[in-house]
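Here subunit A shows up in two complexes: once beside subunit B, once beside subunit C.
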Partner chain A sequence: MESIQNLLIGFNDIFSVYNMIIIFLGSMFGTIVGALPGLGPSAGIALLIPLTFGMPVGSALSLLVGAYMGTMYGGRITAILINTPGDAPAIMTAQDGYPLMLQGKGGLALGISAFSSFIGGIFGLIVLVFGAPIVSKVAINFGPPEYFMLMVLGLSTITLLAGKSMSKAVMMALVGFALGMVGSDYVSGFVRFDFTPELIEGVDFVAIIIGLYGISEVFLNIENLVHLKMGKPSFKVKEFIPSISDIKKITMPTLRGSLIGTLIGILPGAGGTIATFLSYATEKKIAKNPEKFGNGAIEGLAAPEAANNASVPGALIPLITLGIPGSGGTAIMLGALIMYGLRPGPLLMVESGRLVWLMIAGLIIANVFLLFSNILLIPVFINIIRMIQKYLSPIVTVLCILGAYSLNYGMFNIWIVLIFGVLGYFMKKFDYPSGPLILSVVLAPLTENYFRQSIMLSRGSFSIFLTRPVSLGIILLLITIFAFSFIKKGRNSKNQDYSEE
Partner chain B sequence: MKKIVLFIMIVMLMVGCGQQSSDQNAGDGDQQASFPERPLEFVACYGPGGGHDTMLRAMAKIITDEKIIDTTINVVNKPGGSAAVGMGYVNSHAGDGHYLMSTTSSFITTPLSSDLELNYKNFTPIARLGIDPEMVLINSKSEFTSLEDFLKSDKAINVGGTGLGTIEHIVTVMLEKMSGKELNYIPYQGDGEVIAALMGNQIDFTITNPNTAYDYLKSGDFKALAISTEERIDMMPDVPTFKELGYDITVSLFRGVAAPAGISEEEKAYYTEMIKGLVQTEAWKDDYLGKNMIVEGYMDGAEYEEFLNEMNGIYETILRELEIIK
Partner chain C sequence: MKLMERIFIIGMMIFSGLVIYEGIKLPIKSEYTIGPGFLPIVIGIGIFISSISCIVQSVYKYKKLDTDTKFISKEGATRLGIFIAVLTGALLLNEIFGLLISMVVFMIVILRYVEKYSWFVSIRVAIISNIIFYLIFEIWLRVPLPGINL
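So, the complex of A and B:
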């Protein structure tokens, strides 16, 4: 196998004590940056780039891929510990991770998510190693109609995030759509609802997430004097490593999540976000006891976390094979590659194949380091929270405000975070779900633009969605899901409840 | 108790590590007493992989490598709205010299064709760096082999480009008017997306710069059918000009940089010196201009401003003629 041979050369090129230390430091740095709300892979890599000048290219790439993978592991930490997802793909991690934390199983939640992150990451990397050229050929055949249908599929998961009332969920989704419309529209160049110049860019959804999750949780904690069940200080790693029965429970969800993450993560734009929502939805749909989802189901934690990390190598595929970045993180990796004198594009593998394989080997090594370091560090994280528990509310507030500031280095996003913090508090009080709101804020602009591009391509005809096989396939899938849920409803007809519970 | 002390030490160590690396970043600019106070931000108004992005990243690398300035430069992408998003972002930092924005023809066309309440006069022009031509690009697997084939066929033609009212759109509309063939223009977000669309045969052809197309032409994925220069260019002697093919289209993209309005003379001079240093380097001539087939054309801030005034007049006339602005 040529791929294996190349990969072995990559391992051989990267393997030195210096590079191993560099990858380790990079991944630890990435974990910390990723754990801070508002800071993600872009910030993590951007901060390290100046340090890499003067390093050999191989070591520089090692540092950056370590940091890149690290941010992916870091994002889950704050989602689980303080219910503040740093980015949209981590929202689903908070959905079941934070309830586990409240039940005193925060360590277990961190262990399970580290494990499934690892499996997801490795799964995605295997696809990257063996299937990159084929996969990228398939991915470029996705045009606006396919992307539009995929967005619709993503939006359909709103029904599963609905909680008790479907009408409340739909209301929140519509609010999200309205928010998503703010800002400049590249299809026409027209700017909507730009009451201040900052809004030309639209409302940053990361600011909305920090407000709705982090700040509103602080308000609730102050009001209810929430006391986390932390037990006595403990450094025993045993408690944090998932048991055999836990592993059995999460094996299939993790693999399904990995598959969904790899497939959807390849698609540019909101690939990672849609993948986490879809894998969560899948698990909830097929679970024997879906009522546990949202209350600390480990399957609901493992699947989206695997999907999230599987989407990372997925997003690298179009970057490596075509020079087209699929996500914010890969965009900054692209910049780094250019800085080291590589030219990302269709010739990258031909001209600089050896460095690309070195980078892939680095990703695999980083994944292994991160699994172990993240499991070993769980006691540290848990005990940090234990120690600062009394002061948790002010500390979370400070982290959220700092995160908001770092988005744009201005006051504007701090106001956004505070406004959505208050809104989120009332939404929680009156039982309005925040998932549908965030999902539509992220997907609304993409959905709209793909729809308009499709209609422009077909010159006004809606048939474009039916004549293309992939698009038609997604429509049929949606109809099937819809029909099945009606059949299910028919069986439990006495139940007037609209929710899945 | 011991364990707690140990634990505190671990935490301190971790926090310390984090701080050290961020201090190093912030510390780079300390030699300059007042400006810059922190890393500079180069703002690309289009997505990664596109022309704005490539130029700024090349600038950042050469400026850093050749030690023209010793401040850290971060390149950020603010894509969308035919550069409206980037302009809004940079304008939101008016008076702050830490931002430098890439400017191309959309710097003029976007304000003209939208009701964005900003135009080139709301910024401080720093320099024009070069011009690059527009080309008609097709997928090598396309059934067509020449521009004539396209324009005479009965097939409905979809043309991909970035945003409405951009130079690519102007070229498309000019071609449409001159040939009488209806062309359906589809706006995409950034050059990278357009390239992906052409790769996947989502569109029939695209109007783009040699810069974006270079590698795909070299790899044989795409073919170029026409170029908007007065004469054929040395690097691609086989590509005919629009003029040769009977279409009088000679509009090209210009590339430059601008800072927010209201920056101090000191900040302006800082950038002027930086750019002067940059354009003299061999690395700039070879690694950026040469590799990206961009025609050299340096102008300083004052000359660039005059050039922008002139171009604004020309564009306004064309866009009115094409009824993009009413």
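So, the complex of A and C:
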């Protein structure tokens, strides 16, 4: 009951014409960015952060969560229409969405996927509303050693975000950590890496993400001159609305996808991509006619879409309650929360409870807006995507430059954006993951702070991490994660060797 | 690709040296806890070790491959080179012409010479999008964008 009361307070706080417009615009922006290949949730949130300066914190959060949710809806549009997923989770959407499009049922595929996305989002939000306060209550008595271990747990998710090479992920995480240490050390007063006076305050996290996600993608697009080839939309609104028999067919796959998406979303590092793959595989496994999958099965379209959108609220549970971001997108959200003066972690719901519930209310409203806009405004979206994609590179560049300038009204951050744009370009070319770098930049100052406080608390002894039960528990969990990750890696390489033989 | 990747890793090694050097300059210990130089040294050493691991992996990876792929095509390199040069030039011109006018010029040059659109389309897109940016940043968000300074 307490959760519902708090949620109602959140709705009360968020309801203003200004906030509704902000959420609507954020959702629309997110949908368009999500649909553009290469630009996912991380880029969507990163590009919007500079626009939130000067806004009340509640409105700023509304804009970001609207965009975050929107990117999850957007990825499916280009996946269904031209077999080009806008982001990684939409890969599974293309499996059955594009065959439906070829069969002349593109409108229906867009309608079903919008409907399933909505149900998935709402399912995940219900779990978030009731689950977050419980986790938060358990974690409220944590001290610096537990916080430090939570930060280490957060950093350990790089093993899951690693991609193909663990060494590359570790290297990027360490580089991120080094970048997070730039500037004044508030405990001793010393300044690290003070090559220019601007660095005394550290490297701006937003400038790093704008460079890594925005400018680097522009460089790749310019190199390859990537342009989408979308036709003019010729759908009628009634084609988007699924029939009763279609709804019956997709009800259970949507619910299963929602459950899988929420659970996978909660696990740090797993995220939407794994959720969509797993839900698609589950549906195919239990289907009466698995041969239909890949040829336009609506169940194969509904389940991953529901899983994808359910993973967003799922991923927000560890972020809000423990301060652990599990993906690039949530790492950027974490950075944004810190930037607005909030302290993600067990105390967030106590210290800034109203803002958290406002954010959750914003997610629910964004989800409703997105359902209707994704059914009624599809032709508009398609036209905007067609128009923007042609001129995307210079438009995104100028947006990034102006965004970087507005961070502190100076040119320094613009040069930082360019430097990280070049770094991001090389990272993409050589397959170095950017998620671990971002995660470390955000978590480095907090991790160092909690480590120092813990050591001070124990008067110089490192045993404090082993003598406190929660901290010890997290250490054991970490050992399990690493052991599991190495065993899995060993098995994968063995399987690869066999297949090569 | 092979050479470029190794240059990238060597760059990371140099960066690790810089991090360690900065750490050495600062105290490693303070009363009851670590000093500001402790973590930079640890992190710097970590970057160096992981760079070596990446170099080893790269040697094995390219040994397995028969042919090395090109890092970038000649046309791609030209386009990217023009793009970065024009962007840098426009940012330097910002001191004189202000940020928005520099960005209009940047967009026109890129759309015309890199993306190969007509003059009319290039000018139209550059002006319309910068008017929208002006309305968002200068009017709505009240960001004082630098103006003309002749």
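We adopt the following convention: the second predicted complex is superposed on the first by the 274 of 501 C-alpha atoms of A that agree within 3 Å, B and C clash if a C-alpha of one lies under 4 Å from a C-alpha of the other, contacts with A are read in each partner's own complex, and residues count from 1 in each chain.
FYI, contacts are C-beta pairs under 8 Å (C-beta built on N, C-alpha and C of every residue); 3 or more make two chains touch, one makes a residue touch a chain.
Note that the structure is a prediction, hence the values are computed from the model and not measured.
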Query raised in the report: Of the two partner chains, subunit B (first) and subunit C (second), which one does A:188 touch, if any: first, second, both, or neither?
Result: both
Query raised in the report: Of the partners subunit B and subunit C, which touch A:175 in the superposed model: first, second, both, neither?
Result: second
Query raised in the report: Thinking of the overlay built on chain A, is A:455 touched by subunit B (first), by subunit C (second), by both, or by neither?
Result: second
Requested in this report: State whether A:223 touches subunit B only (first), subunit C only (second), both chains, or neither.
Outcome: second
Requested in this report: Would you check which partner chain A:120 touches, where first means subunit B only, second means subunit C only, and both and neither mean what they say?
Outcome: neither
Requested in this report: Check the residue A:107 against both partner chains and state whether it touches subunit B (first), subunit C (second), both, or neither.
Outcome: neither
Requested in this report: Examine A:143 and indicate which partner it touches, taking first as subunit B and second as subunit C; both and neither are also allowed.
Outcome: first
Report task. Give one of first, second, both or neither to describe whether A:398 is in contact with subunit B, with subunit C, with both, or with none. Result -> second
Requested in this report: Identify the partner contact of A:75: answer first if only subunit B is touched, second if only subunit C is, both if each is, neither if none is.
Outcome: neither
Report summary line: subunit A residues contacting subunit B in one complex and subunit C in the other 51, 53, 185, 187-188, 190, 456, 459
Query - Contact set on subunit A toward subunit B in their complex - result: 25, 28-29, 32-33, 46-48, 50-51, 53, 140-144, 183-191, 194, 197-198, 200-201, 233, 235, 268, 318, 322-325, 331-332, 334-335, 338-339, 343-347, 350, 380, 383-384, 387, 408, 410, 412, 449, 453, 456-457, 459
Requested in this report: Show which residues of subunit A lie in contact with subunit C when the two form their complex.
Outcome: 51, 53-54, 165, 167-168, 170-171, 174-175, 177-178, 181, 185, 187-188, 190, 192-193, 219, 222-225, 390-391, 393-395, 397-399, 401-402, 405-406, 409, 411, 414-415, 418, 426, 429-430, 448, 451-452, 455-456, 459-460
Query raised in the report: Okay, in this complex, where on subunit C does subunit A touch?
Result: 1, 4-5, 8, 12, 15, 19, 22, 26-27, 30, 32-36, 39-40, 43-44, 46-47, 50-51, 53-54, 57, 71-73, 76-77, 79-80, 83-84, 87-88, 91, 94, 99, 103, 106-107, 110-111, 114-115, 117, 125-126, 129-130, 133, 136-137, 141-145
Query raised in the report: Once bound in the complex, which stretches of subunit B touch subunit A?
Result: 3-4, 7, 10-11, 14, 17-18, 21-22, 24-25, 28, 47-49, 53-54, 57-58, 60-61, 64-65, 72, 74-75, 77-82, 84-85, 87-89, 91-93, 110, 113-116, 118, 156, 158, 162-165, 184-189, 192-193, 195-197, 199-203, 214-216, 218-219, 221
